[in-house]
Amino acid sequence: MKFSVLVNEGPYQHEASDSAYHFTKAALEKGHEIFRVFFYHDGVNNGTRLATPPQDDRNITQRWSALAEQHNLDLVVCVAAAQRRGIIDADEMKRHGKDANNIAPGFRISGLGQLIEAGIQADRLITFGD
Amino acid sequence: MKFSVLVNEGPYQHEASDSAYHFTKAALEKGHEIFRVFFYHDGVNNGTRLATPPQDDRNITQRWSALAEQHNLDLVVCVAAAQRRGIIDADEMKRHGKDANNIAPGFRISGLGQLIEAGIQADRLITFGD
Amino acid sequence: MTDETMLEEDGHSGGVVKKFLYVNRRAPYGSIYALESLEVVLIGAAFEQDVSLLFLDDGVFQLKKGQDTAMTDMKNFSPTYRALEMYDVEKLYADRESIEQRGLTEDDLIVPVEVLSRDEIKDLMAQQDVVLSF
Amino acid sequence: MTDETMLEEDGHSGGVVKKFLYVNRRAPYGSIYALESLEVVLIGAAFEQDVSLLFLDDGVFQLKKGQDTAMTDMKNFSPTYRALEMYDVEKLYADRESIEQRGLTEDDLIVPVEVLSRDEIKDLMAQQDVVLSF
Amino acid sequence: MTMLHIVNKSPFEKTALDSCLRYAQQDSAVLLIEDGVYAALRGTSLSEKMRRALETVKVYALEPDLKTRGMDQSRLLDGVELVDYGGFVDLTVAHDIVQSWL
Amino acid sequence: MTMLHIVNKSPFEKTALDSCLRYAQQDSAVLLIEDGVYAALRGTSLSEKMRRALETVKVYALEPDLKTRGMDQSRLLDGVELVDYGGFVDLTVAHDIVQSWL
């Protein structure tokens, strides 16, 4: 079966991103396809490479990046939500005249249409949030 | 009277940072002193300079930066919470081997002890969050 | 609503038409869910899907007339609900119990909506392909 | 708990001793408030203030014995409650109604706490200088 | 020592206001802000509970948040007093302890 | 069309579960995850409400979240079935529509 996953909260503050990760991993292990993981609202904050969580805790962003690399996952950060919250890639940096960017490996920034498409193309869209 | 303000949520997702800003501004206008504004939990996300909110909406971070400049406010971002969430300054960037930083003007990163001190030194500590 | 559109394709859905239900359960302004949910609806309109919006629980407060954000300096996005029709988003529903429990009447609402009973809402939900709840 | 301490002064408070009450009202793990509240308490211990912790509402779930995070891979911070004594944080209180409504008993708790009635909690709150609620 | 309790949660969505009212001393004050202002409305399923609370505590609501949500004094329970941000500051000065029920 | 409702909120703190149960069709399924698992406990002030719900809907609880919170099957209401993340995936496959009551 083909799944899409929606993550609406940032890492650590809420369990949403943890639950989404474990769900995605379990779906892959069962042989299902993950069409896309879409990060919206504060969920875009999962996509920063500048975090350094304590060493005795999980690294939520690195975990997503590693899963994406291993399974060729499409991790999409909503551009509008990301602009509000300061998650940007090299293109966005140039477009808005910023002096740095912070997007993590394996994540890409794109439009909300990618969420609608995720709903259309997948058999199930599962939402995690607060 | 001497106030400290604690902000526990990021910009936009919750109204907490808006309320804290308006409270702080009103207190200053009434001639009170703001000893410190401390950003904890997702509140640290108020301190990024990489955001570009829509032009027809308020710019929460710039508003804090401007108020800090105008009134010499002490805006402190908790280092432990910021490390988890990827808000870093030049020192933290070097310390953790990162290739970029994102702290906004007028914000500084420091320890949780600054929150305790804010509670000790101020006559009132007012908390805004979710 | 933003410069979002420049990043969008034209809403290709490969001819598939699904039933999308947006369930709005949060009060506006206290959190951003109501505003950002509306952004999804507007972008989604380009995809020519079968879209319904349901206002449930505190979500009915989103439709309250007369929102005035001058004092909080937040963005007043309530006029957008009136613009939905131009985007061919015409199926707006609200839960009768939620409206009544909150002391509202249909006269309080910024756009006309179809007010549904509990059983009608159960049926509405059961007919969907995709339910997005904000 | 982290390398936080290297950034701290030694907890100077200029000789002022205030009554700090930490009110813990959230369940653990669903959100980070319980864990990060504990980090405040630990850092605050160096300042030699008069500290009390109150577990109220879902906050009493923070003290449940036997937390096992192996399957969720989250950090199990519950042992830290037992370490509070070493930091001279010894006034731990919990609300009787909150415990009972949640089907818990004192035997379920990972550390001994003083169980208070509603009126005792009202008095406790009224005696504070600073109340931090997470 | 007098206390000011701040509640920013919708009473229809969360139980924060109930907890606050359970532990608020007689004659303390409750300030409703953000989505908390909905608790001050007349004619809701919770109005009767609030009316009883108004017999023992003083209740304020933040006018900027009320207006933002399309409401005004005419929709409020009798006895609820409106304040602006300056009035919010004054309330925190007038009470010895401030507790936010997040 | 069968529905799976996902609830991740503590029933003591928020009203999400109440809303979910109000609109859940007979014979639909409710999966409790994150702080939502507390709704499955025996002997709480809400257990009786849940027991009644169990007469019309099937209730599952996510074992990883239950264990994380120091609970296990022995504390749960009769009729609540535990699933792990794989079982969570299976439930979303087995039902046509999935709705999260955030």
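In this document, chain identifiers A, B, C, D, E and F correspond to the written order of the chains, with residue numbering beginning at 1 in each.
One rule holds for everything that comes next: contacts are C-beta pairs under 8 Å (C-beta built on N, C-alpha and C of every residue); 3 or more make two chains touch, one makes a residue touch a chain.
What you see is a predicted model, and the numbers here were worked out from it, not measured in a lab.
Student: Chains in contact with subunit B and with subunit D: which ones?
Tutor: Of all the chains present, those in contact with both subunit B and subunit D are A, E.
Student: Where the centre means the average of the CA atoms, what chain is farthest from subunit B?
Tutor: F
Student: Any idea if subunit A and subunit B meet via the same residues, over half in common, or different ones?
Tutor: Same; most numbers are used by both subunit A and subunit B.
Student: Most contacts: which chain pair?
Tutor: After tallying contacts for each pair, the winner is A-B.
Student: What is the chain whose Cα centre is as far as it gets from that of subunit E?
Tutor: A
Student: Per the centroid of Cα atoms for each chain, what is the distance between subunit B and subunit E, given in Å?
Tutor: That gives a centre separation of 26 Å.
Student: Distance between subunit A and subunit E based on Cα centroids, please, to the nearest Å.
Tutor: So the centroids are 38 Å from each other.
Student: Please compute the C-alpha centroid of subunit A, do the same for subunit D, then give the distance between them in whole Å.
Tutor: Chain centres of subunit A and subunit D, defined by C-alpha means, are spaced 33 Å apart.
Student: Among the residues of subunit C, pick out those that touch two or more other chains and give their numbers.
Tutor: Within subunit C, the residues that touch at least two other chains are 1-2, 29-32, 57, 72, 74, 130, 133-134.
Student: Where in subunit B do residues touch two or more other chains at once?
Tutor: 8, 12-13, 15, 22, 41, 54, 80, 83, 125, 127, 130
Student: Do you know which subunit E residues sit against two or more other chains?
Tutor: Within subunit E, residues 8, 12-13, 15, 34-35, 64-65, 84, 98, 100, 102 contact more than one other chain.
Student: For this structure, enumerate the chain pairs that meet the touch criterion.
Tutor: After working through each pair, the chains in contact turn out to be A-B, A-C, A-D, A-F, B-C, B-D, B-E, C-E, C-F, D-E, D-F, E-F.
Student: For subunit B, which residues count as touching subunit C in their complex?
Tutor: Within the complex, subunit B touches subunit C at residues 12-15, 18, 22, 54, 56-58, 130.
Student: Residues of subunit E touching subunit B in their complex?
Tutor: Those in contact with subunit B are residues 6, 8, 33-35, 64-65, 84-86, 88-90, 92-93, 98, 100, 102.
Student: Per the contact definition, I'd like the list of subunit D residues that touch subunit F in the complex.
Tutor: 26-31, 57-58, 61, 64-72, 74, 76, 78, 100-103, 108
Student: For a test of understanding, state which residues of subunit D touch subunit A in their complex under the given definition.
Tutor: Interface residues on subunit D, with respect to subunit A: 1-2, 29-32, 72-75.
Student: Which stretch or stretches of subunit F touch subunit E in the complex?
Tutor: Residues of subunit F touching subunit E: 12-15.
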